[in-house]
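Here is the structure we will look at, set down as structure tokens.
Should a chain be cited, it is by its letter among A, B, C, D, E and F, assigned in written order, with residues numbered from 1 in that chain.
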Amino acid sequence: MDVAISTLLSPIILFFVLGMGAALLRSQMTVPEAFAKGLAIYLMMAIGLKGGVEMSKNPLTLEIGLVLLAGIVLSFVIPAISFVLLRLTSKLDRTDAAATAAHYGSISIVTFVAATEAVRLSGLDSSGHLVAVAALMETPAIITALVLAGRAGRSEDPVAGSERGELMREVLLNASVVVLVGALIIGWIAGEEGTAPISPFFTGLFQGVLCLFLLDMGLSAGRGLRQGWRQLDAATVGFGLYMPLISAALAAGICYVLGMGVGDTALLITLSASASYIAVPAAMRLALPKARPSVYLTLSLGVTFPFNVTLGIPIYIYLARLLNG
Amino acid sequence: MHDRKRIELIIERMAYKRACRVLETSGVTGYTVLPALAGYGGGNRWQRDTDMSASRDMVMIICIADEARTTASLESLEDLLGDHIGVVSVSDVEVLRPERF
Amino acid sequence: MHDRKRIELIIERMAYKRACRVLETSGVTGYTVLPALAGYGGGNRWQRDTDMSASRDMVMIICIADEARTTASLESLEDLLGDHIGVVSVSDVEVLRPERF
Amino acid sequence: MHDRKRIELIIERMAYKRACRVLETSGVTGYTVLPALAGYGGGNRWQRDTDMSASRDMVMIICIADEARTTASLESLEDLLGDHIGVVSVSDVEVLRPERF
Amino acid sequence: MDVAISTLLSPIILFFVLGMGAALLRSQMTVPEAFAKGLAIYLMMAIGLKGGVEMSKNPLTLEIGLVLLAGIVLSFVIPAISFVLLRLTSKLDRTDAAATAAHYGSISIVTFVAATEAVRLSGLDSSGHLVAVAALMETPAIITALVLAGRAGRSEDPVAGSERGELMREVLLNASVVVLVGALIIGWIAGEEGTAPISPFFTGLFQGVLCLFLLDMGLSAGRGLRQGWRQLDAATVGFGLYMPLISAALAAGICYVLGMGVGDTALLITLSASASYIAVPAAMRLALPKARPSVYLTLSLGVTFPFNVTLGIPIYIYLARLLNG
Amino acid sequence: MDVAISTLLSPIILFFVLGMGAALLRSQMTVPEAFAKGLAIYLMMAIGLKGGVEMSKNPLTLEIGLVLLAGIVLSFVIPAISFVLLRLTSKLDRTDAAATAAHYGSISIVTFVAATEAVRLSGLDSSGHLVAVAALMETPAIITALVLAGRAGRSEDPVAGSERGELMREVLLNASVVVLVGALIIGWIAGEEGTAPISPFFTGLFQGVLCLFLLDMGLSAGRGLRQGWRQLDAATVGFGLYMPLISAALAAGICYVLGMGVGDTALLITLSASASYIAVPAAMRLALPKARPSVYLTLSLGVTFPFNVTLGIPIYIYLARLLNG
């Protein structure tokens, strides 16, 4: 319990709250996009390397393979559930619902990182291949969403041909996938020793940079909420709060079946419960131009992200503890 | 000075390369893309530096072309714009070095 | 193609939101704001990347609107410009999808 | 509203200060420079963020001026453009506060 | 004395001189705005946290309250003096004089940081609540300036209504206030222990980042001076050099009355003597659009800042020593 | 040999390969220009300081003077050779050939830094004044190129007058020269002790930042190659691969004559073999606007840089070892 408190009072979270507060009070302050994007690349390199180094320490087992598979499956399945729930409960049309669903099937790296810190703080340990899981869960959701939107097969699409290829590249080779997977492999090749000279940068500064980044996330979330809340009916907002819990339950089940450790369980739950707000919105703009960012982005960035980072993560860790209790 | 057309297309940043390909296939000799900072439309405002996905960012594509290519471009753009936002406006301009367009 | 007006307003970056509010209240359907990099006026040059306060930065607001809304906007802009820098120019353009403006 | 000219010059970023000096010596009252993000010409594409030398980046210079100064500027620009890329287009605009131009 | 020398020869100052020299020699080099703004946010987070942590160590006393109050009073009063002096000595009109005065009532965080380093170098110690003073001194000057410009009460102002609110938000919630105060509170809540994991980033790198930042400040100051000096008559330039000393004297008096320690005295003097070149110019653009940035910015950034960072700070420390001699 | 391997498998190189691979696979990922430029400034400050501190440890000797001179001579001579070879073998016209030649006479700081790391890894040590050599080699090549292009003396040039001065400033005071030389002098003045407080930033993080920077370099190189290869005939591509070896041989000879140590030899060879892709392309745009960046930039960034960073450096170190047998 008091771990939950101490997590909530960690500078990382407090800076997020600061940013969100400033934005809601309509401060004009911004972190320049170019700088924030740079920090995002740094963070993904850092966790990729960390994961890779840890993976290099012990052999690849079948169990790891199963966890990776579980991640992919979750990323494919969750959007379907999300889509159905949205169509039943909210006023969103087919396209908006599909686009939104894609966000919940994919993941939020920052939420994942915050969870990793919280897990460490709780004295639990997690394994490096969860980073690989994160990378793998980024994109399958998008394919599901395209199918749900009935867009996948469209051929009268004027710009189809080359565009489909372009879309696939955008989706499969987006920055976070490239950097995460790349850094993971590099960390794996170089190992503990090979990465020693760069660890002051990638390990020592990690949490500090995270504070700066979460300040910006808070500003974005607050602004997104302030500018976009009119677009969201109660049902949609509700979805942004209960869907993470549904995904969490689903993931928890799978983790239980696979008999994963507490830390890893907490992280896979978090990944499933988290919603994308960088890779997927960008992809949706290409894949489903008619879907409204003011809906899916507001929901994922303004509602679900704050929920996960503050209340969600402690809940997911608690849940993971219960399972292995 | 010689008469040409100036095509100005405001479109989602994520999709601007589509519009560029359309222009290139319509045979224009060149175009230039400018980033936008903020905007308003359909009752929504957007602003750069406030959303890392940049999914609402827009860009402005400017293309100087002759009558014929302009007509061609506009036709193929119309298809593209079925899907996308795209604010297209065309105006008359006079240019130096007409052979370039 | 249909006739519309293109309003181009160059104004201090710090104050562009004022101009935007003016445009919105004049009922325009949308506008796009582009950042400027450098400029010259009144004998002074300014340049981005050389002044962190950005107090001399300018932006360019572009708004496609119909005759009526253009007149309305220009009138309300004139008040605002009493205080601010603001270089306003209006030109004739032809647009696709006229219903949007 | 009063009639003026709008000069739009697209030129290499590295060389834009040359064009600016030319405009200033032609006596224009001001100009604004906008950064470009990407472009296409002569069969080559360029894109910012992909080349740190920025040697292919372009900018767009916009200058509102009266007939006389416009003619003067265009003449002196033509020399400069002998060397440089430079896409120049001129259009008619109506302005508020004509005394500024 | 040789402390003054060693301060002047510290890399931080040397990089400032390098930047200023390059700009005056008309080098085209620039530090990208987005990057510099990012560093500025980092610096403000770092000093906010530092101050907060130090404050968390000992209780809030009445004496602290008085120092905060002193800061606010100085920020209100100095612009009035500046305004009168400018109107009497220079050719600046009412608006330009008021806008310029606002800059001298407000503060320069970078000057403050440079002073903190110099104070430490001189073997003196200062207390964390000076950071709070810095934050509080940012804005009152702006209100004084508006009154002086006879603008405060204007109502025929076409865009008045909503604009006044906007202006207040811009002023009270500008980036530096938000980040400074926010980080201060966070440092105070988290304390030494809570901030330990982020201190490699915020403490370890601080001086290095400062070098990079001051290189950029040097470039800005040099360019500002080169482009704007024509706008300044001798009297105005003179003001940029003697006004800091007047403010310093004023602050010194107050510090003496409050019986503050040498380090704190040096810092409050520096704050009073420093002039804003980020927050206030931006605010003036909204509040007094007719005032000329080429005047107030050139003066504060091109004249006063270089003076303070090089000669000013050693003088202020010396002055502080005298008082407590 | 296995040193070569371990160099090739160091994270720095692997991140370069990652970036190049992503770009060739047409990933849309980019590192924001503003952020990358910021990192570039950091890197130049860091190596400048490092070099200066090392130089401050032992007196300036005649031998050092000779090495500096050797660098300048190489930078003047190499473009002439390059120009002749290009004109004989490739289809490039006079202007394109001259512009390209300038790139090979000048240097690539990143290649130099990578070489410094590799030299250290090989257990060799190098001296600080090589940084000074690097700075001195940046610009002479440009003058040679102007002469070769028959442009130097042109006077019917409409914008001549002021422009020549502008060009000289651009060339002599470009960012890398200013920062390198400036930081070198600052490091030299401040010395080991004076730079201690900033070394966590400039020394501790150096290699990590280099990884991030080389990821971006890889992206740029890959994109340059993908977009520009059509412009290059086989002969030109060949030039991009054999010219570094010719320059290397030339430099090797001079080092032998001067009896330089293994480490220094390897570095001077690398400098000569490396080609500029930041300072020179920018200068060429001003000096020879008619020359095509799609030729010279593709060649230097897309062909020669990858060659040097991967195969070149190990070869140059090997060569340096041979000489000092």
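Things to note:
Just so we're on the same page, contacts are C-beta pairs under 8 Å (C-beta built on N, C-alpha and C of every residue); 3 or more make two chains touch, one makes a residue touch a chain.
These numbers were taken from a predicted model, which means no experiment stands behind them.
Shared contacts of subunit B and subunit F, meaning chains that touch the two of them, come down to A, D. Placing every chain at the mean of its C-alpha atoms, the farthest one from subunit F is found to be C.
In whole angstrom, the spacing between the mean C-alpha positions of subunit A and subunit B is 33. Subunit A and subunit F have Cα centroids separated by 40 Å. Separating the centre of subunit C from that of subunit F, both taken as means of CA atoms, is a distance of 44 Å.
Each of the following residues of subunit E touches two or more other chains: 30-38, 204-205. Counting only residues that touch two or more partner chains, subunit C has 34-35, 45, 91. The set of touching chain pairs reads A-B, A-E, A-F, B-C, B-D, C-D, C-E, D-F, E-F, using the touch definition from the header.
Across the interface of their complex, subunit C is touched by residues 8, 10, 34-42, 45, 58, 60, 74, 77-78, 81, 87-91 of subunit B.
Interface residues of subunit D facing subunit F in the complex, by the touch rule stated above, are 12, 14-15, 17-18, 21-22, 44-56, 79-80, 82-85.
Those residues of subunit A lying in contact with subunit E across their complex are 9-11, 14-15, 18, 22, 25-36, 38-39, 204-205, 207-209, 211-212, 215.
Subunit D contributes residues 1, 4, 6, 16, 20, 23-24, 29-35, 59, 62, 64, 91-97, 100 to its touches with subunit C in the complex. The residues of subunit F lying in touch with subunit E in their complex are 32-35, 37-38, 41-42, 45, 49, 169-170, 173-175, 178-179, 182-183, 186-187, 189-190, 194-195, 197-202, 204-205.
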